[in-house]
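Sharing a structure with you now.
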Amino acid sequence: MKKKTITLKVNIGKLKLKNPVMTASGTFGYGREYAEFFDISRLGAVVVKGLSLKPRQGNQPPRIVETASGMLNSIGLQNIGIDSFIENELPFLKKVKVPVIVNFFGDSIPEYAEAAAKLGATKGIHALEMNISCPNKQAGWSIFGTDPRVTSKVIMAVRKATSLPLIVKLSPNVTDIGLMAKTAEDAGADAISAINTLTGMAIDIRSRKPKLANIIGGLSGPAIKPVALKMVWECYKSVKIPIIGMGGITTAEDAIEFMLAGASAVAVGTGNFINPAITMEILEGITSFMEEEGISSLKQLKGEAH
Amino acid sequence: MRSWKYVLSKLFKAVVTENKRLIKDHYLLTLSPLKKIKKNRPGNFFMISVESGLDPLLKRPFSLHRSTKNGFQILYRVVGKGTTILSNKTPGDILDVIGPLGNTFPVNNKHRNILVAGGLGIAPIFGLADSIVNSPGLEQPLLFYGARTGKEVLCKKNLADISIRPVIATDDGTAGKKGNIVKVLEKFLKSGSINVNEYSIYACGPKPMLKALSALTNKLGIKGYAALEQSMACGIGTCLGCVVHTTRGLKCVCKEGPVFPLNEIVW
Amino acid sequence: MKKKTITLKVNIGKLKLKNPVMTASGTFGYGREYAEFFDISRLGAVVVKGLSLKPRQGNQPPRIVETASGMLNSIGLQNIGIDSFIENELPFLKKVKVPVIVNFFGDSIPEYAEAAAKLGATKGIHALEMNISCPNKQAGWSIFGTDPRVTSKVIMAVRKATSLPLIVKLSPNVTDIGLMAKTAEDAGADAISAINTLTGMAIDIRSRKPKLANIIGGLSGPAIKPVALKMVWECYKSVKIPIIGMGGITTAEDAIEFMLAGASAVAVGTGNFINPAITMEILEGITSFMEEEGISSLKQLKGEAH
Amino acid sequence: MRSWKYVLSKLFKAVVTENKRLIKDHYLLTLSPLKKIKKNRPGNFFMISVESGLDPLLKRPFSLHRSTKNGFQILYRVVGKGTTILSNKTPGDILDVIGPLGNTFPVNNKHRNILVAGGLGIAPIFGLADSIVNSPGLEQPLLFYGARTGKEVLCKKNLADISIRPVIATDDGTAGKKGNIVKVLEKFLKSGSINVNEYSIYACGPKPMLKALSALTNKLGIKGYAALEQSMACGIGTCLGCVVHTTRGLKCVCKEGPVFPLNEIVW
C-alpha cells in the first residue's frame, strides 16, 4: 500500500481532526511550553488544562508522587480562569493554528452552564471537554461524575448553553462506566472521553502521613492502561457517539489498542512528562503501523477487537 | 511527517562520559549531549531519565553543577530508586535528558556576592561561584558552606582552582567550625565591618537551612535568593505539580524557579 | 528498643495470628508448591485458591498478560472443589500447622451458604474468606460484589451457615467501597479484605483481538497499589471490623503503608510470582522497621496515617 | 526469624558468565548459580528475572539448553521487552532465578529416539540429544531440525561434537531440504525400512509444527512427546495461568508439563 493513500483524518462529531492524537487535559498546560519541543500544530488537537469561571489556587503541595509505572497528582484544578485563558493563552494557540479543545468544570450546574456559554461564544475554540470526573473532590463535588441523575442534569444544562461540539469526560471511579457513557449520550454529549484518573494514595512510612497534602490523588500513567482500555471497550458497547480514549498511552501500540477497543481518537497525558515529544512519536508509529498492515483509514481500526 | 524533529532543542540524548563516586553515596556524572544544546546557566536544572522502561516512570531533576567543554556535570547523592539506577551507569550509556530548565541566580553586578551552600546545595552553588569568578568585573564571591561532616565537604580542589576559600561549618566539627553555617554567616554579617547593603546572598541547601537563612536575611534586610526543590513531573511548567508558597501565591519551582527571592518564600 | 519486646501478633476478630503477613487467594495454590521455597508455617496465614462446591474448569487460555508493573489474569475461578480440597490438600496444610483461611464463592445465595456450611464443619480451617468480587463474571454474577442489597443478602446467608470467622473480600470496581464495607459489616462480616483485582484488558494489535481468551481480566500487582491503599483507607473510615489489606504489595514498606492506612494484616498476591519467598522478606522487613522505629506492636501502626 | 532461608532451594541468584550473540537476535546465556541448585534435566526450564525493578514485572521462562560444569545455558531469541533487557546483560551481572521447574522428556530406553526441533525448539532438544548420547546403553538419537533459513540453524558445532548429524530442512532451502521438517520426517517414517513401533519422538518448536507433528504421530500410531509454551506468571503451578487443553482436561504447562504426550494435546 502506498503511503499517500493513508489518511489519519478523524471526525469527533462535527469536529474534524487531521489526526487522532491529542493531549490530555492538565498535562500540556495551554500548549506554550511544548512548542519549545516540537511543532504543536501537528497535533490532532490540544486539550488545555481544565478551566473554571474564576481562577483557582488548587491544593496544597506536595502534589505529585511517583508510583509503580504511574503517578499520583492532586493538583486540585489550579487554573488561571476562563477570562485570563481567553486573553493570554488562546491567542497563541490560534496563531499556531492547532484545534483547541477547552476542558472546563464548575462547582454547580449554573456555573458549568455559564462557563460553557462563555467559552462557546469565544472564537478559536473548536470543542469543549466537560470534566465531571476530577477526583479531587471538595464538598461532594464528585457526584457530577458518579450519580447518573446529576450527571444527566449538568450535561443537559451545558448542552443548552453551547452549540460547540461537547465532549464529556468520564470518571473511572464508578461501578458501571457504560451506564455513565449512556447517560452522557442521552443528555446530549457529542463524544465521550475516557478515562480520567483513578483515585489513589501513598503514605510515607517514616512520617506516617499521606505523601500528598490532599491525602488522595489521581492515578495516571501506564499503570492504569489496562483499566482504561477496558472502560473504553465498555463505553464502545454502550454508546454510538465517538470516544476519545486515554489512560497510560505512551506508545503507538498503546494508541492502536485504544482504537481497536473503540476509540476514534486518543489523548496522551502522563506520557508527555516522560518524553515531551511523545505525541509525535506516537503519530509516526501509527502511520508506520498502518503502512505495514495495509490500513488506509482509522475506520478500519475503530472497534475492530470487538 | 518527520519534520517535527527540527524544533527539538531542549530534548536530547547525552552520553555518559564519566560517573565517578566521590565519597560514600555522592557521585559526579559527566554528560556529553549528542547534539548542540541551549546555553545553560547556574541555577538551571536538567530532567534526566534514568531508565528506558516504565518504572521508575518520571525523569529526575538535577541542578547544573558545572559546564564542561563537551557538556555538563551533575553532582548527585543516591537517595532512592532513581539515583541508585543512575549510580550504576557507566561511560557509553546514553540517557534521555531535557533542559536546561528553570531560571538562574540573578547575580548583582554591583554587590559583593555571598554564596551559601548546605550539603548537596554545593551542586549548583559551585557552578555559580565558577561563573562569577569567570565574569570580568565581578568581585570574587564569598562562600559559606555547611555539611554534616568533614568527609562530605565536596569540590575542595575545584574551589581552590578558582581561588575560593570557603568558610566551612560541619555538624560534627570535623571540618571548619562546628555547627550551623547560617549561624556562622550571621556572625559575619553582624560583625561591625560589614555594610549589608553591599551584599547579595545566593543559597541552596536543605529546607531548614534555607528557612533559617531567609529569617536572617529578612531580619537584616539583605537581599537574597535560594534555589528550591519540589517533587516534579514535567519540569517545564505544565503539570502544576511542583508548586511552593510565595508571597505572590503558589509558584512552580520548575518554571518560575528554582531560584526565588528569599523574602518571597513562605515556609 | 530491644528486639524481644516486639510482637507481630494480630487478631482478626476471633482469629489470632502470629504475624500479619498472609498470602492472597489464587496466588499461592493450596500452599504445597511454596513449601519448596520456604517454611510456610512462618506465614501469618495461608489463604487458599477460591473454592466452590463443585470443581470448576475456569476460562479458556490464554489467561495471563503482563502489563506495566502489573498483570491481568482471567483464570475464571478454576478450582478442584471443596471435597477434593478437604481430602487432598487440607491434610498437608494441617500437618504444616499454618492457619488456613479458605477463600470460597458460589453461583447463588444457597450455594454460598452450602459451601460455607460445609467448610465451617471441617476441622483445620481457621477462617473463611468470601469472594464476592471476582471480576470474571458469568451471567450477571458480579452483582454479589457491586449491588449492596444483594451483597447484604448473600453475606447474611453465609453468616447464618457458619460460626467460623468470616472475612468478606471486596471488589474495587465500585463507586463507593466504603459503602460496600459498611454493608458487609452490617450483614455480619468479622473482617474485610480489600482489594480484589481491578477489571482490565489488553489487545494484540497484530491479530486485533483481546489478548485474553476471556477478553476481560483482573489487574493485580504494584500498578494497583495506590488504588488499593486508598480503598483500604476508605474502608477504615467506614467500618470498625479489621481489614486485611492487599493489592500490589511487594515490600515491607508497602505492607506498612497498608497498615498505616488502616489494615490489621496484609496479603501478598502477585508478589509471590516475582519472588516465591517474598512474604518472608516482607516479614523480616516489618520486624526491622519496628526495631528501627521503636514500635513494639502493630497496634501502633494501624490507621496511624489518618 | 531468619531461619526461612534454609529451605530455599529452587530460588537462587546466578551470575552471568557469558552472554554471547550467536546470530542476529539469538543469544546463548551461560549462568553460574551462586549456590548449589537441584539437578536439572532436559525439558526442565528456569524462570529468570531480567530486571530488578517492577517493569517488566514477571520472570521469563527459558528451557534448559545445556548443563555446564558450573551451571547451565539458555539459548534465547530477542522477541520483546524482557529478552531485549536480557540481551544487554554482561558477565558479572547477577540474576534472580527459580528452577529447575517442570517435567522432563520421558526417554524410552528400548526405542530409537527421534528428536524434532523447529527454530528455537533446538534449545531444549539439543540438551536432550546431549543427555541421550551420554546415557550408556541408549542408541544414538536421530535429529530432525527445521529452521526458517540456513543462518538460523544453530548448535552445528555442538551437535557435531556429540556425533549427531541432523536432518535439516529450511523454509527457503538455504540449508538441508527445502520445506517443512515434519514432511521430511513423515517421508522417513513412511519409508518401507522403518518399523514405527521401535521409535519414540520428542519435539519442541512452534505450534503449527507441533500440531502437524501430532497429526502425523497420531495417524501412524507412533508414541511422541512435545514441550509446549504458554504465558506464565508463577512457573510453579499456583496461578493456573499457563493451562493448555489436553484430553485429560486443562493442564498447567509449568507443572504438569512442559512436556506432554503428543496424543493428549488438544490443539
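Should a chain be cited, it is by its letter among A, B, C and D, assigned in written order, with residues numbered from 1 in that chain.
We take it that a contact is a pair of C-beta atoms (placed from the backbone, for glycine too) under 8 Å apart; a residue touches a chain by one contact, two chains touch by 3 or more.
What you see is a predicted model; the values in this text were computed from it and never measured.
Among the remaining chains, those touching chain B and also chain C are A, D. Seen from the C-alpha centroid of chain A, the farthest chain centroid is that of D.
Centre to centre, using the average C-alpha position, chain C and chain D are separated by 36 Å. Separating the CA-averaged centres of chain A and chain D is a span of 47 Å. The centroid of the Cα atoms in chain B and the matching centroid in chain D are 54 Å apart. Residue positions of chain C with contacts to 2 or more other chains are 68-70, 221-222. Contacts with at least two other chains are made by residues 54-56 of chain B.
Taken as a contact graph, the chains are fully connected, with every chain touching every other chain.
Chain C meets chain A in the complex at residues 67-70, 72, 146, 173-175, 198-203, 205-206, 208-210, 215-217, 219, 221-227, 229-230, 233, 248, 253, 256-257, 260-261, 289, 293, 301, 304-305.
Those residues of chain C lying in contact with chain B across their complex are 68-69, 222. Here chain D touches chain B in the complex through residues 51, 53-56, 81, 85, going by the rule given at the top. Listed in rising order, the residues of chain D touching chain C in the complex are 1-11, 49, 54-59, 96, 98, 230-245, 249-250, 255. Residues of chain A that touch chain B in their complex: 26-29, 33-39, 42, 49, 57-58, 61-66, 68-71, 73, 75, 78, 221-222, 250, 270, 272-277, 280, 283-284, 287.
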